[in-house]
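The following block contains the structure, expressed as structure tokens.
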């Protein structure tokens, strides 16, 4: 079993604001992240899959195809978007880094074959903050 | 003459959209950057000053004071903000990386003494794009 | 279960010198790291916790509070300090990167709630050396 | 149990080309990586071992000795080499990143003592691609 | 005048070998870099241009067009290539980092308009080595 | 004229403490940097030289010889040392980053030939602070 990781990136806007709460409560809980006019990040996404290298290619999975899969199904829907408004697979979700990572897992997991299973979604929000999700 | 650089960071939303143009023209010129719902970045700001080290301290300028000066006068006004809406010193400016760097120069330049003059504002928008402004 | 990581940094002096041994033996075992006049590092500390995102906030734990917890209880006691002399929670410990990581675990582990348990302390000493401790 | 990681680097040429296949099939499967005149990479190698810190030294293993072990047994055989031609321990292997990582594991695993067992070989091919191998 | 920089990357093989010299002399001068079977690098290329921001766009130059220009005219001819064999604009050149940077300048300089003149080609060969060329 | 840069690194202890001043004044001016028990850093040193590539080698200067020159004359005297105590070429100097950079210039400048003149010493103290010195 070898673990293969592909990094992709996207730039997006979001805010942390619970519509069920008052403005005051949102400011108390989320601080500057609740700014109604949005803020944004350069997100780095690391997708890790696992499997045995194919004897003919030495590949767990063609890493360029993996990049394409991630860009077409995930990154192209997030890049230069507003995570609260523009992303169908985040509708009704609170766009915390945790929730976005879980949503990305749900998109990619069914698209990968048994020979190259999804292992981890790592999403880096800033140079000081990242989350990892392993599917359970 | 020694050049001293301090790095600070901020996270902000923006869009590139010229209100004088149609939506179509904006999309043609700015592409995904014109998304009306905004996108955002983690910006890294490098402020370089120049001067002779003080014999008593070995400092061109106290780098912690420089950090404080940059945060209070620039970063605190940009961090977790919308560059098109929230920033008084960018009002009426088009928030391209070029223009934001020039605006930061204009804020900081008068605040530094003759013994530690502003030399360069470097603003990094993504890992692949940055601008530098030297005041002229 | 989502894993959330916060990075903090500190700058410190230390030496690797076993007081039970002769100078010669210390030099033989620790080489330049045994310099009696100390040397130092910029340490990067990554604290990883794990839990389920809270439905109201999307957070495993408020990452700003996590940063504050790490700074107040760990980083403020290590930053600009001598690890052999100045740090109460390292007294009697040999300040190898391994032992410092374990000591940081022991400080932080009791301070985190059951909903956001400590998972890993990663301590980076140089760009070529780091340790990880998972509590057992 | 503490995990200790040492990073080393090497620069090498390779190509991905299955000699059992036609040129056309190689180009179809491996694309630009099949260029018969080779291409190359700066590889970063992270070797992680695990054990308990020695009470006399605070070390799982002397990290400088670990670096020496990795350089003498692995890096010196890969650096400024052609992975398809020059490396005895890769003979008959297809030099995908996956296979090189497995081959490095097989070299280093028998050289480490029970008190500092090999845990992971992480091999970074580009800033967007890396593999990890844990020995099984 | 604002300076705008775009980063692109390519992976290539090369060797440093002067065909006018004996093998022994090449080994003496170039060491491991003269390996007849090649070695390779991940190169990072930073292209810096200078000009005044356009009032309508805030741009010195459309940075996406700059990336496209660099990829089509330079990177696509170097990526996954052998710098000694495969690159028409390096024919008869010794592919040291210095010479490759100069050759890239010569390609790009005529392609840029007077309003966005080429300022610097920075070519990073490894994390410890880079060159810069300013056209004279 | 091409500019060639070599990076080397060292780990050292220091404190900022003016012996002519009281402890109180030192704490007021230097804050935590005045800790009498020292602190330390991982320093990154970038040495930039300039010249024309030699037609036989394509080199401004053999970058491996440059690395050796920097290590033997500078880094070996700073690495795992105390900058206030252990370094002959810093004796009587206040070890601010500014002053250390100037001292390194003075060591290296006479050692380089007219064909590969010293251009810049860049010394990085932390990820947020660096200085540059160009010899005047």
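Per-chain numbering from 1; labels A, B, C, D, E and F assigned in written order.
Throughout what follows, a contact is a pair of C-beta atoms (placed from the backbone, for glycine too) under 8 Å apart; a residue touches a chain by one contact, two chains touch by 3 or more.
Computed from a prediction, not measured in an experiment: that's the story for all the values here.
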Query: Among all the other chains, which ones are in touch with both chain A and chain C?
result: D
- request: Using just the Cα atoms, superpose chain B onto chain F and tell me the rotation angle to the nearest 5°.
  value: 120
Query: Which integer distance in Å separates the CA centroid of chain C from that of chain F?
result: 28
Field: Chain centre separation (chain B, chain D; CA means) in Å
entry: 41
Mean-CA-position distance for chain F and chain D (Å): 33
Interface hub residues of chain D, defined as touching at least two other chains: 127
Statement: Contacting chain pairs, sorted by label, are A-B, A-C, A-D, B-E, B-F, C-D, C-F, D-E, E-F
- line: In their shared complex, chain F is touched by residues of chain E numbered 16, 18, 20, 29-31, 93-99, 101-102, 127-134, 136
Query: Residues of chain F touching chain C in their complex?
result: 9, 11-14, 32-33, 35, 37-42, 79-82, 85-86, 126-127
- request: In the complex, go through chain F and note every residue touching chain E.
  value: 1-8, 48, 53, 56-60, 62-64, 67
